[in-house]
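Shared chain: chain A. Partners: chain B in the first complex, chain C in the second.
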Partner chain A sequence: MSVKQIEKVMDAAKTAAAVLLSFAATILLICLVSSTPWQTVKDFFLGPFQTTRRIGNVIEMAIPICFTGCGICIMYSTGHINMGSSGYFYIGGLAASIVAYGLLLPSGLHPVVCILAGGLVAALIAAIPAVLFSAWGINEVVSSLMLNYIWVYLGTWILRTFMLDSAAGFNASKAFQETAKLSRIISGTRVHSGLILAVVVVLFSWLFLKKTKWGYQIRMMGMNSKFSVYSGMGVTGILLSSQMLGGFLAGIGGACEVLGMYTRFEWAAAPTTGFDGIMVAAIAYRNPALVPVAALFLAYVRVGADVISRTSDVPSEIVSIIQALIIMLVGAQMFLSGIRHKQIVKASVRQLAKEGK
Partner chain B sequence: MNAWNIIFTTDFAFMVFRVTTPILFTALGAMISRRAGIMNISLEGMMLVGALFGVIGSTYSQSALVGVLCAVVASLLLSLVFAYFVLKLKSDLILTGIALNLMASGGTVFLLSVICGDKGVSTSMASKVVPSIEIPLIKDIPILGEILSGHNVLTYVALLSVVVVYVLVNKSPLGLRIRSVGENPDAAESVGISVVKTRFIALMITGILSGLGGAFMSMGYVSWFARDMAAGRGYIALAAQNLGNATPIGTCLASFLFGIADALSSSLQILSVPAEFIQMIPYVTTVIGLIVYAAYRKKQTQKKQAAL
Partner chain C sequence: MSENYILEMRGITKVYPNGFVANKDVNLAVREGEIHALVGENGAGKSTLMKVLFGVEGHEEGEILLHGEPVKITDPISAIDMGIGMVHQHFMLVPSLTVAENIVLGREPRKNGVLVNMEKAIQDTRAICEKYNLKVDPTARVRDLPVGQKQKVEILKALYRKAKVLILDEPTAVLTPQETAELFVELKRMKESGHTIIFISHKLNEVKELCDRVTVLRLGRTIGTADLAGLSEQEISRMMVGRDVILKIQKQPAKPGAEVLKVRDLNLNSADGRPILRDVSFSVRAGEILGVAGVEGNGQREMSEIITGLLPFARGEITISGQSIRGRSIRAIRDMGVSHISEDRMTYGVAASASVAENIISDRFQKAPYCKHGFLQTKQIGSLCKKLIAEFHIKCDDSSAPVKTLSGGNMQKVVAAREFSQDPKVSIVNQPTRGIDVGATEFVRNKIVDLRDQGTAVLLISADLNEILELSDSLIVMHGGEIAAYLPDSGKVTETELGEYMLGIRHQTPEEIRSACHEC
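Let's look at the complex of A and B:
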């Protein structure tokens, strides 16, 4: 095996170890808390597969995370961490909703316009932290976190002032036109045609990041921004475009979510999908091709936690502990680094011996 | 006109101190981490954990002091986890911070639900509150007395912390080590300062301060724990530290600025301005503050370069 292959195998091994360790911690916690531990553990692991509906839940939960996850793979590849994707997802959903109830369009075209509207508005606001950084060196982590709050308050105001349907009985917009909704594609579940777009986005992101010159520039900037500057790449442009593209993907994710899962816009707060995207991108080592796997996994443990919160005395929040452990262990460079080091040394020695002949 | 009548009152000034307290504690903590060269976004989680354990500790001991100690210890333990992952296992700072915040957000609800069967608030627990005190002499001064006296003990502790942190960072050997590790870790290492050890200590101090901030939330600001009650204050504290350029005095002033914005957002709700815009004030202030400060600093460096 070459060194590169060893790195890949070790990454996979590290992820597997992180998953196993966090599962062990979950089982331990369930045993501590639950009065029926074995039944609960069984429900947690097998519950999500038991009915078509639950399998559907896993898939429909993974769809939006694929969008934000791919977006974050692209944004993070520049080495600049933007925490705004929750806000972009929210605003994407809001903008799409306005088009979904406000415009009369033929059914094939309507969702496309909605989704584009969501993506474009989100791309615009995603540019703000990048501009603030390029112009004044303002830390994007802080600015994007603050902007998230601003977008949600602004969105709530827009919802209350311009979009409200008093007949709905709660803070919700007017009902979407039938032509705008995404159709269900698997019967017995709520899995909608946004799934197809999610697959396209994953493919696109992977090709873009790994196979195009633009994507190469983005990754190079993340690996060594000085090299990028000295070799004449327009660093500001690369940063701005990557953040906007990431925002665009989060925005179309938000649009698909509202059109596929809701009949009105009713989000009172930003969904956690943006932060889920960060987690998924971390577990996938910023590789868009692995994002769906990580997203499905995240959705699987969440549905499992939902199942046990209904069938047992264990609160569903147990899932936050699993998630945190996995991300921290996967992100830990030194976790299992001893084994990695030994394997690489062995391979290099073998390589040298071969060349010696 | 109406707004001015609300703002220029002793009640409003009193409230500013009250709402600034948790931000100030945590911002000082953020500052020490930053001085050691670590961007710590897990403050939000530390505050939450501190707030919950303050309630748990004071319920079971029926002592507010024990409650505060529990809050500090819990937050300290979380900061040790952060330190271990970031410094020993070389995890990504931001990812670890996000993970810990998520763990704290869900984990506190998990614990709350297991302990008192409620996923929202801890009102069924008989937790204690840190008492308020009148300051002799100061309380007799007209106007000033009404503003400065009668606060929660933790509010005075927060104000004292500014002085303590100032001395610690600028005048103590530990502070010198923390600053050198933050400014140039390689140089620090070369003269025999352990970067990892110093950063561990800095993160522990951050944990203690954030724990106090969390304790104030559930044992002073209100008398219960509510899910996600930190409500972004950890992030605001990080912004305050940023705006204060990581100096104790600057951080304190920036915290008060956010305190004023926060107090405004609670007192202006009776006006006819939409509630959302008023709730936005602290966050908008942060962004504008960052821009103004960064633009000012850029101009200063340009002037300096022009003078050379």
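Let's look at the complex of A and C:
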């Protein structure tokens, strides 16, 4: 095996080991706190597959994460960390909602306009941290994270001032036009046609990042931005456009979520989907092709936790422990690095012997 | 052990995380009180071996013995505690602190057990300077010192930490011939006072002059250890290279054409107002190599960065075939036919984690036939890479191998393959063979001559005097941001003469320097 192959295999092994270790920890925890450990463990692992409804739950939970996850893959490939996808997702949903109840359009066109509106507004606000960084060197991690609060409170103000339907009985917008809603595509579940768009987004992101000249520039900038500058690439433009594209994807994700799962805009806070995207992109090693796998996995453990919280005495918060363990272990540079280094040493020494040196 | 070795390294194997085997079963035995040379080409594993000894890098196999006892050196602190000191190739000093502060850093003399006793620190520094007759002003700030003085501070730092074994990693690489001579006197004095010195170099005349014994490394292995007394330079060189080669580049006399690159009255000040370039004017004609000699840090790097668009310039004018580059982006300047080998390969020259192919296309990925409708054309890129890998003898699994898995020499060939393959009008070649093995050096140098013969105007900047003298058709010497001399025929220049211009001891008249512009 070449060094390159070893690195790939070890990345996969690291993820697998992280998953197994976190599962082991979960089982241990369940055994410690549950009075019916065996049944609880079984429910946790098999529960999500037991009914069509639960399988649907897994898929519908994974859909929005695919959008934010792919957006994160593109944004993070520049080497710049943008923590704002939670805000972009929220604003995308908000903007789509305004179009969804406020405009009268034919049924085929209406959701398209809603989704585009969500994506474009989100793209615009996603440009802000990149502009702040390019113009004044303001750290994007901090600015994008802080801006999340601004978007959510701005959104709440817009909702309460302009969108509120007093007949609804709670803080929610007027009901969406029927023409705007995304249709259910699997009966017995709430899986909506946003799934198709999610598949398209995953394919697009992968092609864009790996096969186009724009993706190439983004990746080179992420690996060595000085090299990009020296080669003649305009890094400011690349940064700006990649952040806007990432924001766009998160925004259309938010739009699909409100149009597929809700009848009114009623988010009082930003859903966790934005941060889920960061987690999923990390597990997928920033490869959009692996994002759906990671998103489905995350949705699976969440639905599993949901099942046991209803059927047993173990609370669903246990899922946070699994998430935390996986992310920590996948992210840990040194985890399994001893084995990796030994493999590389072996391969290199073998290679030397083969070359007869 | 019959012989009195102060230090032994046995069977050391070191593999870097990228899979590069830097040392394989290397042995080194150093006697007490000798100056032991460690020689080998660039990339032979000398620096790695010393990093292992100093605890900067770990090792996979082998053991280290100090006074015959096996020791574990886990980090530089334990190495220092065992009496090992190292002067790195790139100085590890705090520029904003004074000499005395740098020397005592981490081991400061205390006042009342808490406060730093600065007077004592200065006294100690003076005492140690006198003891070893190394003349440095303890109160000077390190950033104001010339390179030779900084090196003395590094040596003093090691001596202050009571080093008995002193490792010097290519100490003469940054020095002028005159400074080198001074260093040798000091090192011999240290040897007489009982210190053991490991001297890393690939300059054989220096090794012959200074050292007692030599260990030769080649491709990460020990070739052997010998007394220098009965050994000729040719014999050592054969051990180093494995064959009889002396780098002699075959080249025809240049046939210079029209002026291509013209630099007029270029000036640049640093952020704090210090002049970096002062009224630099010269021109390079098609089909000639103009060498730029000079101690590093005399404006050469900034000059090449200005010409290639990496740095903006305030005063002066630069034209390529009559067209000004002022206000143009790096890509626009590259599109005018300027190619650039950066002195800092890992920072600018390559994206180490990216593949060979991705590194080769970084200056043409957006152009046909490599890109159509925004999509990269894998086939066209593949055949380009195949051609260049063959033409430049790049040793790699295939073009998808990450560049970081290649040796330094092969990385530089990737850079050269990119920068030399688009028929550049002007090529700014900065330290083209720094840190690469002799085979790759020879190859890259020949490619530079080929490029010249195809009519490219080459500006060659190098700290390696041999390289400058070997390749250049004519040359300029830079000192303090100015051109100190223009020497139209590099064949008639001696190293001593160059050294004097580099140090600023000699300076040509403005008339002589003006002839560096051909069509003024």
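Methods note: the second predicted complex is superposed on the first by the 348 of 357 C-alpha atoms of A that agree within 3 Å, B and C clash if a C-alpha of one lies under 4 Å from a C-alpha of the other, contacts with A are read in each partner's own complex, and residues count from 1 in each chain.
By definition in this document, a contact is a pair of C-beta atoms (placed from the backbone, for glycine too) under 8 Å apart; a residue touches a chain by one contact, two chains touch by 3 or more.
As the structure is a computational prediction, the values presented were derived from the model and not from experiment.
K.L.:
Based on the superposed arrangement, let me know which partner A:33 touches: chain B (first), chain C (second), both, or neither?
P.N.:
first
K.L.:
Which holds for A:219: it touches chain B only (first), chain C only (second), both, or neither?
P.N.:
After superposing on A, A:219 lies in contact with chain C but is clear of chain B.
K.L.:
Counting residues of chain A touched by each partner, does chain B or chain C come out ahead?
P.N.:
Chain A has more residues touched by B than by the other partner.
K.L.:
Between chain B (first) and chain C (second), which, if any, makes contact with A:235: first, second, both or neither?
P.N.:
So A:235 meets neither chain B nor chain C here.
K.L.:
Now for A:293: first (chain B), second (chain C), both, or neither, which partner does it touch?
P.N.:
In the superposed model, A:293 contacts neither chain B nor chain C.
K.L.:
Where does A:186 make contact in the superposed view: on chain B (first), on chain C (second), on both, or on neither?
P.N.:
It touches nothing on chain B or chain C.
K.L.:
Contacts for A:105 in the overlay, against chain B (first) and chain C (second): which applies, first, second, both or neither?
P.N.:
neither
K.L.:
Contacts for A:17 in the overlay, against chain B (first) and chain C (second): which applies, first, second, both or neither?
P.N.:
So A:17 meets neither chain B nor chain C here.
K.L.:
Need the overlap of the two footprints on chain A, from chain B and from chain C, as residue ranges.
P.N.:
No residue of chain A touches both chain B and chain C.
K.L.:
List the residues on chain A that touch chain B in their complex, please.
P.N.:
Per the touch definition, chain A meets chain B at residues 33, 81, 83, 132, 136-139, 141-143, 145-147, 149-150, 153-154, 156-157, 160-161, 275, 278-279, 282, 315, 317-321, 323-325, 327-328, 331-335.
K.L.:
Which chain A residues qualify as touching chain C in the complex?
P.N.:
Its residues touching chain C are 2-4, 6, 211-214, 216-217, 219-220, 223-224, 226-234, 341, 344-345, 347-349, 351-352, 357.
K.L.:
Quick one: which bits of chain C touch chain A in the complex? Just the residue numbers, please.
P.N.:
Listed in rising order, the residues of chain C that touch chain A are 13, 15, 17-21, 24, 60, 219, 308, 310, 329-331, 333-334, 340, 342, 347-354, 358, 361-363, 365-366, 371, 374-376, 378, 397, 400-402, 405.
K.L.:
Under the touch definition given earlier, write down the residues of chain B that touch chain A in their complex.
P.N.:
Residue positions touching the partner: 39, 41, 85, 88-92, 94-96, 98-100, 102-103, 105-107, 109-110, 113-114, 119, 232, 235-236, 238-239, 242, 274, 276-277, 279-280, 283-284, 286-287, 290-291, 294-295, 298.
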